[in-house]
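One chain, chain A, appears in both complexes that follow, with chain B as partner in the first and chain C in the second.
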Partner chain A sequence: MNQLLNIDMTMVDWARAQFALTAIYHWLFVPLTLGLAVVMGIMETQYYRTGSEFWKQTAKFWQRLFGINFAMGVATGIILEFEFGTNWSNYSYLVGDIFGAPLAIEGIVAFFMESTFVAVMFFGWNKVSKGFHLASTWLTGLGATISAWWILVANSWMQHPVGQTFNPETVRNEMTSFADVALSPVAVDKFVHTVLSAWVLGAVFVVGVSSWYLLKKRHTEFATKSLRLGAVFGLISSALIMLSGHHSAYTVAQTQPMKLAAMEALYKGGTDQPLTIIAGINPFAQPDYEATDEPPLKLAVPYALSFLATNDMNGYVPGIRDILDGYTKPDGTIEPSLDEKIQLGQQAITALQDYRKAKKEGTSEETINCQLSIINSGMPYFGYGYVKDRAQVVPYIPVCFYAFRVMVGGGCLFILLFILILAPIRGRWRGTLHWVALFCIPVAYIVSEAGWLVAEFGRQPWTIQDMLPTWVGVSELGASAVMITFLLFLILFTTLLAVEISIMCKTIKKGPEL
Partner chain B sequence: MTYIFLQHYWCFIVALLAAILVFLMFVQGANSLIFTIGKTADERRLIVNATGRKWEFTFTTLVTFGGAFFASYPLFYSTSFGGAYWLWMIILFSFVLQAVSYEFQNKLGNLLGAKTFQWLLVLNGILGPLLLGGAVATFFTGSNFIVEKGNIVDSQIIISRWANASHGLDDLLNIWNLCLGLAVFFLARILGCLYIHNRVDDELLHNHDQIIQPLWRSTWLFLGLFLAFLGHILTCEGYAYDPATGVIFMEPYKYLHNLIEMWPLVVVLLIGVVFVLFGILWSMFHKAYKRGFWVTGFGTVVTVLVLLLLTAWNNTAYYPSTADLQSSLTMQNSSSSEFTLRTMFYVSLLVPFVLAYIIYAWRSIDKKEITLDEINNDHAY
Partner chain C sequence: MNTIHRIWNFYYDGFRSMTLGRTLWAVILVKLFIIFFVLKLFFFPNYIKEHAEKGNEAEFVSQKLAP
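Moving on, here comes the complex of A and B:
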């Protein structure tokens, strides 16, 4: 299998690269949409309550920036939905019965709300009442947030497939419990953590832009009030994100232990595990996790990983080798080794072949039931039947390891920033702090993308955890076709991003109409 | 609710979404005429601002149509999108370009200039309806694919495969696909003209002919193409399905039979056609009449709805395969499970509520026609 810098030019790799590219671009715009929606909602509420022209113009200014960003979010988002079909046709068929529903609900419930009220928000200032306009502003944000809920339900199902069963007649997974899918603990964690992270990014953006005005000594009242509002909003979001982060890590440990092991570069696990702060891992090569017990130059906090993963300072956390070789869980259940999982997966695949043949030939019920029983017992490991060697099931550790640290480190930096912004600092240090706040805008985007990388790189090689590896989920397309569309998307999105940044900067430079 | 009922219900919902999408492509139709109707920079800006307040609805309907099709007929989603790759990719590219073209074109800092984005709107205005219409026509004419669900457990792996290397571009070589594609394109232009007539203050356009001339041209071209296509499908062989055996076979005059056997659809189709023609003709000959957009729009929705239902209801294969007849997709062999369709049925009960707030919001901001003063002094593209 390919790994980062050793990409094999195959259809699978290009399809993955294309999805990653479009998702990364999309995720540049979504967090600001979610974050600014709350900020401008609060500001317009202030206008509604006080009738002050100041708050009206303040809300309108942030709405202008919201609009520029929103257009790019919409443009990049449409590709993602259809890419499931174009580049991942096997995936679309095999799990469409479950995965399609959240996407349809997202369209019906969220997108229409968003698109209807965003038009009122922009064009309705002089056409609708103050109350209806305020409701439209909040409903635009609510629509975007509900949209996030459903797409994250879909994504979480890929990380932790629940509420479904395999139907050998139709050769696909089918939904058995909508509540299990929609309210899966992974989905709840992911939604809370993701939306909070978007709020933090929105807060950093508001604080950064406001700091620029203060540095330039322009629109001081507007900037000071926006700065304080952004910092308070950011601090509250950051406090909540710490709680949700811990809970997310716990859920990952229970449902995707390999992802956690890759995030931590934990080659050999055990009890009393420390949390690595930093270690010397080559970013451009997969480390030798088979031959070494831990990465070099490891600096760690004792017991912290055990606590993070199990809520117990002495809890057991499996490492990569434990997962590959099989291990006994604290409750006494045995997690099979990779070889055993491969065997079970292959048995399920063979039994499915035999089942279809037996049904076609009208073989006895007894034979068919026997095949069904093998299919059912092997189905949790169905995807392993397509795995050839150990390296295939280990995510690319350097990306998971560093992205996790960038995410957590960035989160801590922003907490410090919000506290300092709200602290009574005066004089030269205040100016420095405003420069730091401005510098934090691009950092916030890097941190936000790092979170996405942790979640998605850590899931590799699975499109559906344990059920469907990437190389079985694709469409039958030539690598050149996907490569061409990859390059076209790259050129198109990069050009549009450059235009968007230029327009944003000009709009900020122009400032609010106060 | 039986499984069969749910399959028919979801077919209706998806067809309705597609029909509404065709109506909402008035945005594309008007955009394709930016430089034809808009003689001055102000006029072009008026057109862009008139459609700019509605483009999100077209876009959202397209996305919801995709999502609903995915949820209810995943095998179609995997077969058509994965197979007709280039066709869908070109459609998507054109819609991506449209999405940013409004917001960016007249903003300070636009590195590419306003005209670039206006031309991108024109491009989307041509490619969007043309290619979506061509894609819809394949529901009658068939596509070149093979489906074998058992592939997942043998060396072939891929379940839905396109039988040639063109990946959807071959669909555009079929004269009847092009015929419907062009018909949809001219229909979008008709709706676009009527929408501008409805939304933009008459005094702002130099004269009424600026709209009537393209409306007239588009109407004749649309009628010629549409009637040719309708005549073709009512006289050609269609893809029939035997529900007892699951076998798909060719049946002469299948779509004509469908119309006759589901006779209420004939009535609805005729009502649709009358509304389409009335809205156009009345607007042409009565300058003050501005509701033609809604009349023709309603006619468009019901006409397209009937055409799409003809492809799927009454034991018909709605996505026929020209490469392997038995690979053709029917409501029965390609739908989601009963549980999923039932769950989605409950979700679909929200649709009237969604429609209600869309209508309320639409009316709220469209109380008055768009004026240059509004564009210059309020939020505008």
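Moving on, here comes the complex of A and C:
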């Protein structure tokens, strides 16, 4: 009997929406923690070097804002783990052995490292030596960054499953190489790019808040020095993020070509591909990628996509139709068509059932080994066995396309902002620039979330790339149950956000104790 | 013993002299209560534990994956 037919599709949508809501809200808190950690570390280092009371109070002020954000964000990510067990039980069971290790390490590191050093950072002024306090401040930031590493390792494994083998006895993927999982190229790229994006957000926040003080003509020296430090830090982070962005695009092209094709609305690929700056894509409907070769009103930079995806101006980049129909890679290897992948996936799914039946019935070793061999060869395409038509494996192009442009466009805007902040601009224009900097704080959050949308929408429909689609990963629950918890989360997180903004604004209005 | 006493005093004085920290701890505690004692207990059961027989989880999931 096809158990999957019992699953209401709206359950999948609600479970996805709930996970997205939780992750988006969680990600509102995380990047500022990572970004401010470096800023306050630099400021306290200045205090350590100069002994100046000014830098001490400056560091303390930003640490206070860090503390508010840290307190609001702490434990919000745990809810994602609850959702795995309830809404995504099939997925959770299949990946448990691999997900467990990085998430457990994250929990231990987060708890012991962050909680120990956060306490020293807040309670230790004048109680521990300056050097020990400074070390605690940096280690608080390092702890948060290491936590991010393990979470991103878990996420990266879903995007690029490596270092595991599927065990048909236990019906689980089991880790064969911890190093492959922890240091996969996707994990490394994702970590570097994500942390740098958090640094940029932290820099925009510091620049924006400092601009507010300058507009109000309060704490001028504090604001001017924080503004310059934030802008320099932001500019350096932005330069690094451009490099990591290029490398991430290269890795995505190698591991998730459909995501890149959706981000670029590249329907028909080829060599010498241009990078689309903007095109006329209807944000509310999936474009007809089967009948058209490219979106209308396309404005593009020649050869740039080929360079981004292959490090070669003339490199071959497959489009959506190429990926569906199968294509030959530049190294001569052939990427199977969707139909071939579906066939391999279906064979693996049937072989899994036959293997388990044969084991139960005590059939000959030869039959069992034969089924095992079919499972192993078809496992990389296991998820395709559940695919019924071509449209199911194409992500929603408008979200991927526009979110990517918001992310890159926002990044360029911030580079311009940091340059102008550091430029010798005076008078009326300086005031306008400070207003722009203040306005950029919410923009930075939108840009940061857009990056998450690109990564997660782009890998649809896979919970585990090519191995498990969303509609197979979910639990057989009613949509109403998930809808209720979705609304509960919406209330809980919105309340938390409102409380955070309120406390932040009060603390900022109060200002540093200078 | 002296070290333990100093660590105790460090945390004791730190918590006692908190100002903004009191509000933040209140928020954290309310949040943790909601997450672990409301959401986890009443809304987020472990689906497989509840529906599969103990020791039979692999068979349960394998049936869900059936073609």
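Everything below uses one rule, namely that the second predicted complex is superposed on the first by the 501 of 514 C-alpha atoms of A that agree within 3 Å, B and C clash if a C-alpha of one lies under 4 Å from a C-alpha of the other, contacts with A are read in each partner's own complex, and residues count from 1 in each chain.
Operating definition for what follows: a contact is a pair of C-beta atoms (placed from the backbone, for glycine too) under 8 Å apart; a residue touches a chain by one contact, two chains touch by 3 or more.
It should be emphasised that the depicted structure is a prediction, and the values quoted were computed from it without experimental measurement.
Asker: Once chain A from each complex is brought into register, does chain C clash with chain B or fit beside it?
Answerer: clash
Asker: Mind working out whether A:V499 is in touch with chain B, chain C, both or neither, as first, second, both or neither?
Answerer: After superposing on A, A:V499 lies in contact with both chain B and chain C.
Asker: Contacts for A:S89 in the overlay, against chain B (first) and chain C (second): which applies, first, second, both or neither?
Answerer: The answer is both, since A:S89 touches chain B and chain C.
Asker: For A:L488 in the superposed arrangement: first (chain B), second (chain C), both or neither?
Answerer: In the superposition, A:L488 touches chain B and chain C alike.
Asker: Please work out whether A:I105 is in contact with chain B alone, chain C alone, both, or neither, and reply first, second, both or neither.
Answerer: first
Asker: Report for A:S136: first if it touches chain B alone, second if chain C alone, otherwise both or neither.
Answerer: A:S136 sits against chain B, while chain C stays out of touch.
Asker: Based on the superposed arrangement, let me know which partner A:Q346 touches: chain B (first), chain C (second), both, or neither?
Answerer: second
Asker: Determine where on chain A the residues touched by chain B overlap those touched by chain C, and list them.
Answerer: Dual-contact residues (chain A): 64, 67-68, 71-72, 74-76, 78-79, 82, 85-87, 89-90, 92-94, 119, 122-124, 127, 170-172, 349-350, 352-353, 356, 472, 475-477, 485, 488, 492, 496, 499, 503, 507.
Asker: Which of the residues in chain A come into contact with chain B in the complex?
Answerer: 64, 67-68, 70-72, 74-79, 81-82, 84-94, 96-101, 103-109, 111-120, 122-128, 132, 136, 167, 170-172, 174-176, 178, 349-350, 352-353, 356, 472, 474-478, 481, 485, 488, 492, 495-496, 498-500, 502-507, 510
Asker: Can you list the residues on chain B that touch chain A in the complex?
Answerer: Those residues of chain B that touch chain A are 53-54, 56-57, 59-60, 62-68, 70-72, 74-75, 77-83, 85-86, 88-89, 92-93, 95-97, 99-100, 102-104, 107-112, 149-150, 152-154, 157-162, 165, 167, 336-337, 339-340, 343-344, 347-348, 350-351, 354, 357-358, 361-362, 364-365, 367-368, 378-379.
Asker: Along chain C, where are the residues that touch chain A in the complex?
Answerer: Against chain A, the touching part of chain C is residues 10-11, 13-15, 20-21, 23-25, 27-28, 31-32, 34-35, 39-40, 43-48, 57-59, 61-67.
Asker: With touch defined as at the start, can you tell me which chain A residues reach chain C in the complex?
Answerer: The touching residues are 1-4, 64, 67-68, 71-72, 74-76, 78-79, 82-83, 85-87, 89-90, 92-94, 119, 122-124, 127, 169-172, 346, 349-350, 352-353, 356, 385, 472, 475-477, 484-485, 488, 492, 496, 499, 503, 507.
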